[in-house]
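Labels run A, B, C and D following the written order; every chain starts at residue 1.
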Amino acid sequence: MNLYEYLGKDIFRKNGIPVPDGYLVEKKEDVRKYEKPVVVKSQILLGGRGKSGGIKFVKSEADLKPAVDSLLGSEVRGLKVTRLLVEEMIDIRKEMYVSFSLNRTERKPMLMATVEGGVEIESLPHDKIFLRLIDPLMGYSDYIAKEAVKFMQLEPAIAAQFRSLLAKLYEIFNKYDCELVEINPLVITGEGKLIAADAKVVMDSDSLFRHREFNVIDPEKTPLELEANGRGYSFVELQGDIGVIANGAGLTMATLDALTLHKGKPRNFLDLGGTDSVDIVIDAFDLVLKANPKTILVNIFGGVTKCDTVANGIVEAKKKYGIKQPIVVRLSGIHEEEGREILKKNGVDAFSDMMSAIETAVKREGGN
Amino acid sequence: MNLYEYLGKDIFRKNGIPVPDGYLVEKKEDVRKYEKPVVVKSQILLGGRGKSGGIKFVKSEADLKPAVDSLLGSEVRGLKVTRLLVEEMIDIRKEMYVSFSLNRTERKPMLMATVEGGVEIESLPHDKIFLRLIDPLMGYSDYIAKEAVKFMQLEPAIAAQFRSLLAKLYEIFNKYDCELVEINPLVITGEGKLIAADAKVVMDSDSLFRHREFNVIDPEKTPLELEANGRGYSFVELQGDIGVIANGAGLTMATLDALTLHKGKPRNFLDLGGTDSVDIVIDAFDLVLKANPKTILVNIFGGVTKCDTVANGIVEAKKKYGIKQPIVVRLSGIHEEEGREILKKNGVDAFSDMMSAIETAVKREGGN
Amino acid sequence: MKNYVDENTKVIVQGITGHQGKFHSGEMLKFGTKVVAGVSPGKSSEKVNGVQIFDTVADTMHLNPTASMISVPAPYVKDAAFEAIDAGIELIYVLTEHVPFHDTMDILYEASRKGITLLGPNGPGITRPGKCKIGIMPNHIFKDGDVAVASRSGTLTYEIVGALTKAGFGQSTVIGLGGDPVVGLTFIDVLKVFNDDPNTRKIVLVGEIGGINEEMAADYIRKNVKKKVVAYIAGRSAPPGKRMGHAGAIIEKGSGTAESKIKAFNAAGVHVADFPADIPGLLG
Amino acid sequence: MKNYVDENTKVIVQGITGHQGKFHSGEMLKFGTKVVAGVSPGKSSEKVNGVQIFDTVADTMHLNPTASMISVPAPYVKDAAFEAIDAGIELIYVLTEHVPFHDTMDILYEASRKGITLLGPNGPGITRPGKCKIGIMPNHIFKDGDVAVASRSGTLTYEIVGALTKAGFGQSTVIGLGGDPVVGLTFIDVLKVFNDDPNTRKIVLVGEIGGINEEMAADYIRKNVKKKVVAYIAGRSAPPGKRMGHAGAIIEKGSGTAESKIKAFNAAGVHVADFPADIPGLLG
């Protein structure tokens, strides 16, 4: 779960990492008196805000309100801007980069740091980046920062601040169950102070039970995705016409893949999960119907989720929502015969093999 | 470093362990209005306060001030009472015991818990005590509390509180660098709440650099010991007549032991430490002289600390303080000849073997 | 390397009184697994499916269990796993989904420090037809044979195992690694076991988008594996930046794509099936 | 068990530019110890006693050091030790006094997890006459021979070694365990080494009040050690509850007394000297 810059900076501030003075603007009245040059930054979760006009530099009182007016409510990179961060302008001598992230391959936290900040870290040559895996049992310790300082050839006064900052950043990485904490750029000011000019904090959404204060809406999701997640479904919106209901993340992905390889266009990813309940099936139809697919494909390999349960759910959903779209069903595994029998009685044909269902769904993608 | 009960309870309160409501009284005016029955507890660092009259139970407004007056400034178990803790009286249904401590033999933290609280843990039979070593790498986890709960046969409502308390107590043990955190008694109140009726927190004094807020006077030391420690010496006051200056903890102990085996009575333990400085020797004499010994024994095995340096220190101290007491010196090791030569010139004889010095010091214990 | 379980494996179930624990311990017993005890604090006078419940893992150790299935809510998984590690259980399988990956890292490194195997979290477990099943795979899909299957998903595995069985390919071992970004076993770990296993002649790997586990496996196969390997990768059609059901199934910054994995497998001489149903054909 | 150091041991000094680091690295060189590098961040262009300084331990690894002497202020010891552990140094000796014992526990368990030996903190180090000295023991007191000495103190050890040398008893190994409540090596650890060492014929243990390390050593000697063992215990006259200079030298709640230790040694057939000077006589 990606946090907005202003939330990330709140965490930094609370944990002793220096950030510029600033405040949040959610409506025009939130704007405070102009006292010194500020930067007005759209709070969206895509990079490249600056290039897309999402950041404005304000150097006089007269420019502040217009800057806020023009950004608040505007669209930047396709996202509506509902929050602005107004921050003191900092005197930038140098931009650096630092982050802790999960290295999935090594299954360890990883430190990355470089004196070449302000650009995408991926765009830099590897030998410019100090890259260090952290032994999760030993944890982070200052000697690692000393190695980084040496690699980056930081002058002593900066090195001291950098070492202190790194320790705090690692603490945040663990304390807030982060996948990533990134400061880019990490600025050396004209007076030689280190300050986090940006803050990217990505928390593990599975950890929210112990971070209730961050139980906020994930801003990267569509409203329908959020609704589905709220009801307990893994759900992703796509751009096609075929609504998909399947059980298990892998099988659901495989269903989308097979549709796509057959030139079909799935409308969504919906995983029923490993439960066996008629209501869950009905509820899944409700969600998929909200996405207005032209046809619906149900692909079930029965195990914990039994085929007859799914069949009953389909029949009831059909009645409840008066579904007009074609429903293509594949039932295999536990109680598949019973399930197909139930569907047959209610005028729905069910396949037992996945490929036939896929091919049929693609044929009927237009809804006929 | 043993903390007063009220400081221990401050730590408990800050870290979520329930303690009775209470306040500190250092002078009579600190006493607050009587609202409900209270206990007035002398803040001294020896056990058995209750039996020695250091704790008073106050059940009416009229009794509060007299209780405070009688305790404040009194002596309990030989210690002057300068602080009182006034606490709400709690309704005790049951007294239990719990602690985390360093197990020196296993070099691991150890949990001890028993439903038989309110008495010295050492007085209980072993099979009444739940005793569990904690793997320092894995740390403490709730399953250990579950094992304790089962051993102690706690009812579910108490068990839940106990598990939560144990996690916090272990956190305190580590966060405050403790040798011991002990709650005795841990009370189950009439309403079924767990509450820490006492708090014993012993911190590692070597950790004070990261606990500056606790950089308080160690109340178990004599004023002279505190002064000596403040000047950087390991110093312990004893009851005899022979002032001792030696180098190294082990050699100093061995010196005291040898004196004692020869029926001599040492006045103090003073370890010069591993430095080589005339001033440190002079300063050591200053401290020893403050203890008014009848004779002074200096026992040096020269290594880092060189014998001629010590000799020069002795000569200068003698002049500076006009020392009248006999000084018996043993110099061995680096520069021992030079050292003895310096002393000889200044009218002090020095031995090269320890036993002769010990025997001579005992002979001259009376100061003649 | 020794296989993780066999007919002598003795299993305890931590959280046996929960819905999943109750159902799947019963299914495991039906499969023939030696489920020797359940753990559920405060319920030690009860039985589930005829299996005695104990308050703590320590209390079950007189029964010499060698594996534990952990099926407790995500916030309690770390404690349960630490309890099993501390007690000396050799294989810890975590069924639970949504375990914070920081907790999984803690479990993984504590376990590996003591030579303990972690399977999962968020996977269907391990099945060896005719020998032992730990986890939630449906009993009826298996057939004893010489194909080993390792997979990052659950239902898709059943789909593929079902297709194998239907086509006459029995299985030596079927193992689900789990769908989280951090899990206990990697494809390389299990490839080592499959490679050494005399009962395994052919191998099926079922990967998905996210991470570079498959790429590393491909490299390992190229260098070390002589047995026939066939693969399937789920998530070819997944859009970048979206988690496809599994926490670990996400394409991030262009890394973890199906294309990359398929390319790596092809370079290692591993045929990658377009559809799950194609796998038996590729094996044959 | 192998002895901890020998003529091939290559030593780095962490904190070599400090007062102690500078002086004792010089003394170690005079003794013949292979001091191959110093570590002191930001001073990598300098030399101390002809020894090149590096910024980090990692930077010294091309010199294949096998031991590190750590002489940095107490608050930085844990970091320095972790750096050495992470780099793969085999023996870590901490000279520093006043290290919080929670830090020492962290160091000890990280080290032992990786098979690394921790010596100290707060001890004088290890000396093998004619082979290697790491630490702060005075060079001139030693003589090569067959008596091994292990001690919890510093100067008292020199006193005893001096007496041994004077009486004609040379030493095979002299090791100071350290005066803290938690240290890396116990008497039992070093007894195992002394017992297996063909160069050691007799053993001297110098204990002190506090803990039950000596009692456990006595038990171990009774069961396993055939070589002659003589002991001395400092602190017979110490009052309870007072720390006698060493953080670990304290009688607590009646435990850790000299009486108890002497009794245990006597029961194991170990003669305990009343005075340090008596030790050579008891050995003879």
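Note that in this section a residue touches a chain if its C-beta (ideal position, glycine included) is under 8 Å from a C-beta of that chain, and two chains touch if they have at least 3 such contacts.
Computed from a predicted model, the values in this text were never measured in an experiment.
Minimum number of contact steps separating subunit A from subunit B: 2. Averaged C-alpha coordinates give centres for subunit B and subunit D that are 27 Å from one another.
Centroid to centroid, with C-alpha atoms defining each point, subunit C and subunit D lie 48 Å apart. The distance from the centre of subunit A to the centre of subunit D, with each centre set as the mean of the Cα atoms, comes to 54 Å.
With touch defined as above, residues shared between interfaces to two or more other chains in subunit C number as follows: 110, 113.
Chain contacts: subunit A has residues 137 touching two or more partner chains.
Viewed as a network of touching protein chains, the structure reduces to one closed ring of chains, two contacts apiece. All chain pairs that count as touching, in label order, are A-C, A-D, B-C, B-D. Contacts from subunit C toward subunit B in the complex involve residues 41-42, 55-59, 76, 78-80, 82-83, 85-86, 110, 113.
Across the interface of their complex, subunit D is touched by residues 102, 104-105, 107-109, 122, 136-137, 174, 177, 179, 204, 206-207, 209-210, 220, 234, 236, 238, 246-254, 256-261, 266, 269, 271, 274, 301-304, 332-334, 353-355 of subunit B. By the touch rule above, subunit B contacts subunit C in their complex via residues 135, 137-138, 141-143, 146-147, 149-150, 156.
Against subunit A, in their complex, subunit C makes its touches with residues 23, 74-75, 98-102, 105-106, 108-110, 113, 136-138, 140-141, 151-159, 162, 179, 181-182, 206, 208-213, 216, 232, 234-239, 241-249, 253, 258, 274-277.
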